[in-house]
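Lettered A, B, C and D in written order, each chain numbered from 1.
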Amino acid sequence: MEQEYLTYKESARRSMHALLANFDDTILLGQGVSDPIGIFGTTLGLIKEFGSDRVFEMPIAEESMAGIAIGLSLNGFYPIQTHIRADFMLLSLNQLINSAAKYRYMYGGMYEVPMLIRAVIGRSWGQGPQHSQSIQSTLSHFPGLTVIMPSSAQQLEAAYLEAREKRRGPVISLEHRLLYDYSFNIRDRNPAGPTVARYGTDVTIVATSIMVIEALRAAEWVFKHHQISCEVIDLHRITNIDIEIVIDSLKKTSLVIIADTGYREFGVAAELVRLIVEQGFSLLGKPPEIVTPPHCPTPTSHALEQFFYPTWGLIVEKIYKLLIPKFDVTTYAMPSRSTVAESYLQFKGPF
Amino acid sequence: MTLKIINMSDRYENLFRSTLRIRRIEERIASIYASDRIQSPIHLSIGQEAVSVGVCAELSKEDLAFGTYRGHALYLAKGGDLRLMMAELFGKVTGFAKGKAGSMHLADSAVGVMGCSAIVGSTIPHATGAGLAAKIAGNDQVVAVFFGESATNQGVFHECLNFATLHRLPVLFVCEDNQMAIHTLNADITGYSLRELVSAYSIKYAAVENGMDFIHIANRAQSSITRIRRGEGPEFLHVHTCRYVQHVGPGTDVGFGVRSEALINKWMAKDPLYLADDLVKKFISEINAEIDEAIDFADSSEFPGASQLLEDIS
Amino acid sequence: MEQEYLTYKESARRSMHALLANFDDTILLGQGVSDPIGIFGTTLGLIKEFGSDRVFEMPIAEESMAGIAIGLSLNGFYPIQTHIRADFMLLSLNQLINSAAKYRYMYGGMYEVPMLIRAVIGRSWGQGPQHSQSIQSTLSHFPGLTVIMPSSAQQLEAAYLEAREKRRGPVISLEHRLLYDYSFNIRDRNPAGPTVARYGTDVTIVATSIMVIEALRAAEWVFKHHQISCEVIDLHRITNIDIEIVIDSLKKTSLVIIADTGYREFGVAAELVRLIVEQGFSLLGKPPEIVTPPHCPTPTSHALEQFFYPTWGLIVEKIYKLLIPKFDVTTYAMPSRSTVAESYLQFKGPF
Amino acid sequence: MTLKIINMSDRYENLFRSTLRIRRIEERIASIYASDRIQSPIHLSIGQEAVSVGVCAELSKEDLAFGTYRGHALYLAKGGDLRLMMAELFGKVTGFAKGKAGSMHLADSAVGVMGCSAIVGSTIPHATGAGLAAKIAGNDQVVAVFFGESATNQGVFHECLNFATLHRLPVLFVCEDNQMAIHTLNADITGYSLRELVSAYSIKYAAVENGMDFIHIANRAQSSITRIRRGEGPEFLHVHTCRYVQHVGPGTDVGFGVRSEALINKWMAKDPLYLADDLVKKFISEINAEIDEAIDFADSSEFPGASQLLEDIS
């Protein structure tokens, strides 16, 4: 097959460019959207091309920013809002949960507030407790929002377009920092939405965002070393979860690992376990294994970060644990800590 | 906007009638409240109607208005449909929101009532965003947002004044100052002068001391709206007024130990509705008939059913 | 046994009174704490007795209110903060999640911010979408806060004292509006914390806040009509859930109903299912039954409210569903809709 | 506070030394950054040190200070322990927070550095609350809070000015105005005059145009702090200054197309540290030795272990 590479970052830029170019009513607003860094490069050049009445540099005032987006949407425009860290969105939760999520419902369908909100989540370089949080669970608990976590350049591109063309309410795209520099072979596969990212028969790994890539890395490792066949599901949409795809997989494997960037407690992992147990009660042969950060704030020191952020090494461990009754590290190949660390530094695709 | 070509006394009568109509509607709501046909909180504007009446008289149908849980007067003054409102208050499926909104969240897209929120201060940024939309669209739409004096405590108010002035948005901020936040005197929680605060943003500020005077309010609003429509940026209208009734519900808060009857009487003595029996007589039966009809409509409408519970979510 | 009745409301007032009287450094702050309504009567008289340098009427500015409480706590005082609706707390989530919850951890234990936050949740009289939300899941997802949902006057009293004397961080008490007028026989039982509120052998009902009372009502009904024996667990603490008490019960019953005031999606129900499946994998004989509001904003019309808020009638239904293979409404006694409705209007204890 | 009895030139030398020390520490941090021993973002105050130095010189050890992610200068000026800070930056268990805080969250309870937050504006209410505590306690403690000019965009800033003035709290608001929010000119996002805004709250406002002049800053701070300590309520100190380096990291942002080299040179020309080689010579080796020692301490310390990950949570 042909190859064409695109970074996640460039995919975000291209997708926003397309929305701005194809729909006159699209407006981009956020802190740093017009600066020389351009939200990890994703907004570079847009203000120059579309002008300062399409692209707005915003004050440091997140509550009003979200409310202004609602007003723009109510009055006929389609706002795209950016947050350089999802942590800052906690300042606008009142607008998002008490207004945006409810507008359509509470007015009985009279009003709708379609919009796209992009927010950056996740690790890298000692971001610490206030610059690294994954808030998908909070945004998904309350009805009314659509929350997505695109795991690839292709997913992201399709999702932005879907948000614009098909969704009648706010869509929140949570984008993992480390993904921006990863590149993807966009000719390779073109999944959109919840999808099986790798077919397999022994164990099901349900993953979100960058954890999809971690899961694929783990799947490759255990296949190479022990011919274990993992099915990897890219959950993609966190609200209104596509549980059938998981249930179908469990019918084959009866074993599940859930890998998410957020806490398991009241998180995606808990919600998935609920859905699996409610809709596929007898399918699980063993308790689910969960790969998430432990329940503490993010520590800054890299010495602690390595125990905090879940890695593909941990997924490998869980795979063995589920499949091998008396798992023994000495007989089964484990990636060394440095192998895992290197994979982050060096290998950025193409996937 | 047709008001401009009618003569002064017609204009007075128009605004008088509009104020009286809202007063009577809310009095009726209060009087039937004990019947439990309205099973949700009501925040009445009785005493404050002139603010909405005066400002909305100067807005066109295409102009937009945003409000609060205390929204009946605004909704009606902006031209919202009385029947749809009454049915909504009664929780009926014929209400504008099929019963999902109730009294705290009035809206009518046909006349630009863009929503009322029960979170203090939260529609101020919506109006600011709608103003930005109008500016980008390049039409001459004006956006008005109504809020209480205590809503100005919220940080988002500051954030919006900043954004509105920065982009010279066509927004009229209308502060209905009844001096009260529920049962707390605003003075006990507020340490700034609105005039100075608003002026610090280079936003034009005007105060109306007598919030019963709908003509004066309309005149002030007219000047502001004309300038805003010309692209001269946001303005602020601060109207001092008095809510005769308690914060929520149909009763009074006199006797609670916060406000005195004398204070309310002082305002009532300035209230045109109490000073012109002839005009009241002229309009009252027509108004009452309209209200009767709306209540009948509400009464005879159906409630929403279980199947509607999960509609219009996302 | 002797009887002594206390309303939930009076219990809150008495407990705060005790904290103010016994600890000089206790400060009460909130909107309406000094007004003649006094947060459903729970703060009446306190400003008169303790003065305006212990009890502060606050501006309508929730973000700063939470931050001011943090500052008070850092500088040697113990703040009690009130929110007349939990919905308004969404305006202060940045302070709660990004600061209060993390302060102790992020400074490596150098600082602590003990405080008590009281917030009112729940139904009554057409409160609608912005005045009725249960936010326990959001507050519990992020590590660092302690979230409780006292179900009785006794629970509340014990919890406030525990917060003050034992907890080193912020404790958030979510209090259901309808409970305030309920009265409890405080001589009757004196549970504190997670507890079995009624012993039984057929089915386990895990409940929070007012759902504990709903569960007890349902338990009584099915016992009276069909001698079904329910075990009711008052979960009480939502963070750091006491799962052993649930597991122990499931060892007897193998059936579970979860009843919570918040959405099941990413909610308490999901978290409980996760914990049960992880820690008691083979205990469940059937899929769990869940009693929560459906996943939509709260509608205002009482015609819709009745389908939205979960009632004890619904719990009765779930009990039958779990215990009776071919459940048929005609042979099993169901409380009529009006019986359920009456129980809310008339029966306010003592419990 | 001992400064008051020493003579003028001693005072100058003291502040000069303090500023120079911070400058050298941050320059060293910048120069070793490439070695990856500090694996987290650093927001340097190079060029802005005089603000912290001037204000903190007038605070006692019992007074409190709150800051931001750009906290090195404040931490050091308030008397924070250099070794504990360096170890913290290196992610070591000997750091003041055992490595959990890093550069963005400096704190030292021994000298009243009460925390630095990476959420813009978020320590302003903490300082306000700490000020309320001081007022209730009835001691003469003063609370200072340092923030950038763009943090004043946040609504919570408005909320805190209101609360502080309402209760006449002993809070000194210190605005370090470097005209920049990351790579955005503050003027592009701000539409109010701080002087007028602050004055609308009846909060005493003072501006220092030359933020390099630590003596002038200290004098201004001294007058304010004296009044605040006497119970005269909150004050606001607005210091214009210049960050020579980029927003985050050890480099420069000249060439990014936002700020010019000329602008930075203009400020540097006023910088006492560049104008008094003799004083630099007098202090530099002592300072360098202290820094060497702190880096050695950090280098030779242990990293925290897995067992510490779940400590001190709730």
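The rule is short, and it goes like this: a contact is a pair of C-beta atoms (placed from the backbone, for glycine too) under 8 Å apart; a residue touches a chain by one contact, two chains touch by 3 or more.
The shown structure was predicted, so the numbers you read here are calculated from the model rather than taken from an experiment.
In terms of the distance between Cα centroids, chain A is separated most widely from B.
In terms of their C-alpha centroids, the spacing between chain A and chain B amounts to 42 Å. Chain geometry summary: the mean Cα position of chain A and that of chain C are 32 Å apart. Work out the mean CA point of chain B and of chain C, and you get 36 Å between them.
Residue positions 58-59, 61, 63-64, 87, 91, 94, 98, 101, 105-106, 128-130, 143-144, 295-297, 299-300 of chain A are each in touch with at least two other chains. Looking at chain D, residues 95, 98-101, 105, 117, 119, 153-156, 159, 162-163, 166, 189-190, 313 sit in touch with two or more other chains. Taken as a contact graph, the chains are fully connected, with every chain touching every other chain.
Chain D contributes residues 38-41, 91-92, 95, 98-105, 117-121, 150-151, 153-155, 181-184, 188-190, 256-258, 303-306, 308-310, 313 to its touches with chain A in the complex.
Note for the complex: chain A touches chain B at residues 27, 53-54, 56, 58-59, 61, 63-77, 79, 94-95, 98-99, 101, 103-111, 143-146, 167-169, 239-240. On chain C, the positions that touch chain B within their shared complex are 31-32, 34-37, 57-61, 63-64, 87-88, 91, 125-131, 294-297, 299-304, 307-308.
Chain B meets chain A in the complex at residues 64, 95-101, 105, 107-109, 114-115, 117, 119, 122-137, 141, 143, 155-156, 159-160, 162-163, 166, 311-314. Contacts from chain C toward chain A in the complex involve residues 63, 87, 90-91, 93-94, 97-98, 101-102, 105-106, 128-130, 133, 137-138, 140-144, 262-271, 273-274, 277-278, 281, 284, 286-288, 290, 295-297, 299-300.
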